[in-house]
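Each in structure tokens, the structures are laid out below.
Here subunit A shows up in two complexes: once beside subunit B, once beside subunit C.
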Partner chain A sequence: MLALQLLINGIAVGALYALAAVGVALIFWSTRVFHIAHGATYLIAAYTYVALYETSMLLALVASVLAAALFGWGLNKFVYRPIQRSRESFFTLFVASFGTLIVVANVISLWAGSGPKSLPTLLGRVHIGFLQITWVAIIAIVVAVVFLLGLQFFLEKTETGVGLRAMADNVELVELLGLNRRRFAAVAFILGSVLVVPAAILTTYVQGLTPQLGLKIATIALIVSIAGGVGSLAGAVVGAILLGVVENVSTLWVNASWGEAVGFTVLLAILVFRPSGIIPRASAT
Partner chain B sequence: MLDFLINLFIIASIFAIVASSLNLLIGFTGVFSIAHAIFYGVGGYAAALTSLHLGTSLLLALLIAMVASALFSVLLALPAARVTGEYFVVVSLAFALVAFTVFSQWTPVTGGPAGLVGIQRVTLLGIPLDSNEAYLGLAVVMLVLVTLVLYVIIRRTPLGRSLQALRDDPLAAQALGKNPFRLRLTAVLISAALASTGGVIYAGYVFFINADSFSVDYGVLFMAMVILGGAGTLSGPIIGAFFITLFPEALEFADLPSELKGPLEQIIYGAALVILMLVRPSGIAGMFSGLLPKNRRKGGPPDAPEGQPAAGGPVTGAATATGGVA
Partner chain C sequence: MSLLEVKDLTAAYGRHTAIRDVSVKAEAGEVTAIVGHNGAGKTTLLNSVAGVLRNVRGSVVFNGTETLRGSHRGRPPGLAMVPQGIGVFPSLTIGENVKLGITAGGKVPKEVADERIAVAQRYLPLLGERWDERGGRLSGGQRQMVSIGRALVSGASCILLDEPSVGLSPKLVEAMMEVFGTLRDDGLAIVLVEQNVKQALTIADRVVVMKAGRVIVDSSASEFSSRESLWELF
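And then the complex of A and B:
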């Protein structure tokens, strides 16, 4: 019974990871920016919400979405693009991204303090037989499913979505066809940044918020999207759920403080033995 | 005041040792790792355990630390064989988080969150290095030795030339019969062993260690030292380490409350990283010489290797990750 309970908890945690990871994956596959500053977007979204939710939850949510989108768009325009224009070395972009994360995390800890912030418990929990499930966990799973299906629809059925997927396959071809690569990149950054908002808010309800969380979430998002599969959003989702489940279920055998390490070890092992990831995309060779 | 300066220079020298050894990977092999705080940590724990159980000999501690660190680094080197570039950055980050958990939770060996106390000042061939002045001398000598070893490897051995060839053009190096896996493995082993000597000096200096000194934040700091100073130059990481260690001390005199100082320091070096990447990615050392090979940039080698799309920013990463196994 405990195992089932942990499995459900793991899926809920994994659903939140998936929302963070899909944003990173979308940005990475379509623009090749190794966007560890996604952690900064997460912090900006979460702290905006925490600062405003007492006024109005809806206002806080809207402000959070706007702040995340604006940050992602601005970072691409004012930092990544100038670097890409002059010299496209992934490490240069990565270092700039990391520097941005450091600056944002510390500006936030100057402004809001480095201690943990928390939100009041939302809604409580439901009992199904022996199982206890928090409403936040249910919301997390539902929100993740809705957003991921919406994203899937966008990528399959709209022109911009198809363009984004084409960028992941062959940037030169996209340009040859006369499509605007820069516009697609801007869309990818805005969309990817907005996707992190529900993850940021719901995770804050579940486990609180500190400026240090930015690096952790970004690391999880990046490793999950890479272990999940090169160029595959579905892979990122599967990797995220796997990490959430392993973290939780492993506490049956090991102390809870080791859960995260066990999860990362499993993903590392996947990368060693299957470098193309869990669900490799056929075209990405 | 003098003690304050000596303390600063000891810490800066220790950081310079770690940053220099990391530079063998980032600057000369093209392996981008942010896990080096871990090997620094293995050195620290090895020195602490040697001091607690086997005595105060510096040479013994160094030997144990280097062997332990090299063995441990195989775990990081294995993925390095298969994944490269940005993929490896993530692997090293995850590796660092897992290893940090081991440091902070494996209580029987590392003392858990409380760490290890009661480390003795080391002795060199029976001579105790009691004074801080003598210890500063030891730290500087160690830094010089590490730099010398790196100089010899990079400039005077076939291994160094092969590593740089692999960095600049992996396909051409492979075509010439170089085995990328063995080369990267060797580089990681040497680099980890050298980094651990910094940890030995650190443990012997502060007498107490716990996991907090070897966290991912320090891994990022070491990367920043290499990048800010100038990757791919011997002097760069040393300049970077002294710069990052000494510069925040200027804030000492600004009379700020301590809860502001930490974040401000971080903001300064974070912003320095961003601005430097926008303006001059070759780092501080690169301002004085054009040592960073130009052909690491796009548009360096005039013709792309066959079978590889010419300007394939988007494709090369995926190619090496999926099909880059020899």
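And then the complex of A and C:
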């Protein structure tokens, strides 16, 4: 029973990781930017929610979505695009992205303090037999499924979604055909940024919030999206769920503080034995 | 006035000037072949006209509108390009590949889009037969056909083709030239960049020869074919 309980907890945690990782994968997939500043988007979304939730949860949620989308869009337009225009390297973009994360985390520390923030318990637990499942876990799984299916529908059925998939295949060809590459990139950043919002809010309800969490979430999102298969959305989801499940289920045998290390070790082992990732992009959707 | 008029066009990659003072015209219902050796500047000319290159001076007037300056800067509606090499997105289906041409051409009502797709499928039956297959599963010739189909559905009145015969078997090239001929007869302006002069002459109405970034010959195809001295350029 404990194993089943841990498995469900792991899937819930993995679902939140998946929302963060898919955002990174989507952005890398279509723009070739290794967006470690996704951690900054997470912080902006979470702190905006914490600042406003007492006024109104709905207002806080809407403000959080808008802040994340605006930040992702603006970062692409005012930081990444000028660097890409001057044909600077992949590493210059990476350093700019990393620098942005550090700046945002420090600005938030100055504004809101570096101590932990927390939110009151949301809705309590559901008892099913021996199992105790928090409502946050149920919401996390449902929201992740809805968002990921929505993303899949968008990519398959809309003109812009097909354009994003074309960007993933061949950015130069997109430009040669006279398609609006900049519009597609802006959509990728806005979508990727919005995806991290539920992860930021729900994780804050469970674990609280500090400015240092930005780097942790960015690291998880990057590692999971690489182990899943660079640029593979399906791979990022599977990698994220796997990490969440291993982190939780491994506590049957090791101390809970080792869960994260065990999870990353499993992902590392996957990369050693399968360097192209769990679901390489060529065979992924 | 010609459908496409390129005048005194100079384009550079950084400090390297690739074409200089190039003037070319393309008329509706004609195939203009641009021929020349590797490095002559043919692809640069096409990329400049299509708005892909930015470091460009001179004038490109399409359908009466200057496209190098002002609010219409970039690729004008009605002008489509079929790039050299594999111009297909491998993970997209043929249908999705083709529909991107409609996206590139600008928003149109669904009925217009459906009509354009039906027309493209009439010219290129392969599109309809393999509509739901992934682009990555097609052969080189089939990919080229998809690329041409995508240009057609954009609503183009002028198509720029960059060496479409590269890497294809003679039989496929012949079939493709037949399609270009039909499109020309139906009133499209076709600008065909080719290294293979003989191939180009099978359908060309005008021949423009480029060398070292300049136009050195601009004549009708019949005149070109009859003057042996011009053949010596190759």
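Side notes on the structure shown:
In the analysis below, the second predicted complex is superposed on the first by the 281 of 285 C-alpha atoms of A that agree within 3 Å, B and C clash if a C-alpha of one lies under 4 Å from a C-alpha of the other, contacts with A are read in each partner's own complex, and residues count from 1 in each chain.
The rule is short, and it goes like this: a contact is a pair of C-beta atoms (placed from the backbone, for glycine too) under 8 Å apart; a residue touches a chain by one contact, two chains touch by 3 or more.
Everything numeric here is computed off the predicted structure, so don't read it as measured data.
After superposition on subunit A, the partners subunit B and subunit C are seen to fit next to each other with no clash. Of the two partner chains, subunit B is the only one that A:Ala261 touches; subunit C does not reach it. Look at A:Pro280: by the touch rule set out above, it reaches subunit B but stays clear of subunit C.
Looking at the shared chain after the overlay, A:Val272 reaches subunit B, while subunit C stays out of its contact range.
In the superposed pair of complexes, A:Glu159 makes contact with subunit C only, with no contact to subunit B.
Using the contact criterion defined above for the overlaid structures, shared-chain residue A:Gln207 touches neither subunit B nor subunit C, since it reaches no partner.
Of the two partner chains placed by superposition, only subunit B is touched by A:Asn106; subunit C is not. In the superposed model, A:Glu175 makes contact with subunit C only, not with subunit B.
For the pair subunit B and subunit C, the model built by superposing on chain A gives 10 Å as the shortest CA-CA distance. When both complexes are aligned on chain A by C-alpha atoms, subunit A residues 168, 170, 285 touch subunit B in the first and subunit C in the second. Subunit A contributes residues 32, 34, 79, 82-83, 87-96, 98-103, 105-107, 109-110, 114, 167-168, 170-172, 215-216, 219, 222-223, 226, 230-231, 255, 257-258, 260-261, 264-265, 267-268, 271-272, 275-276, 280, 284-285 to its touches with subunit B in the complex. Residues of subunit C that touch subunit A in their complex: 47, 50-52, 74-75, 80-81, 83, 87, 89-92, 96, 99-101, 103-104, 150. On the side of subunit B, the complex with subunit A involves touching residues 26, 32, 78-79, 82-83, 85-87, 89-91, 93-95, 97-98, 101-102, 105, 216, 220, 223-224, 227, 259-260, 262-264, 266-267, 269-274, 277-278, 281, 296-298, 309, 311, 313-315, 317-319, 321-325. Those residues of subunit A whose C-beta lies close enough to touch subunit C in the complex are 159, 162-163, 165-166, 168-170, 173, 175-179, 285.
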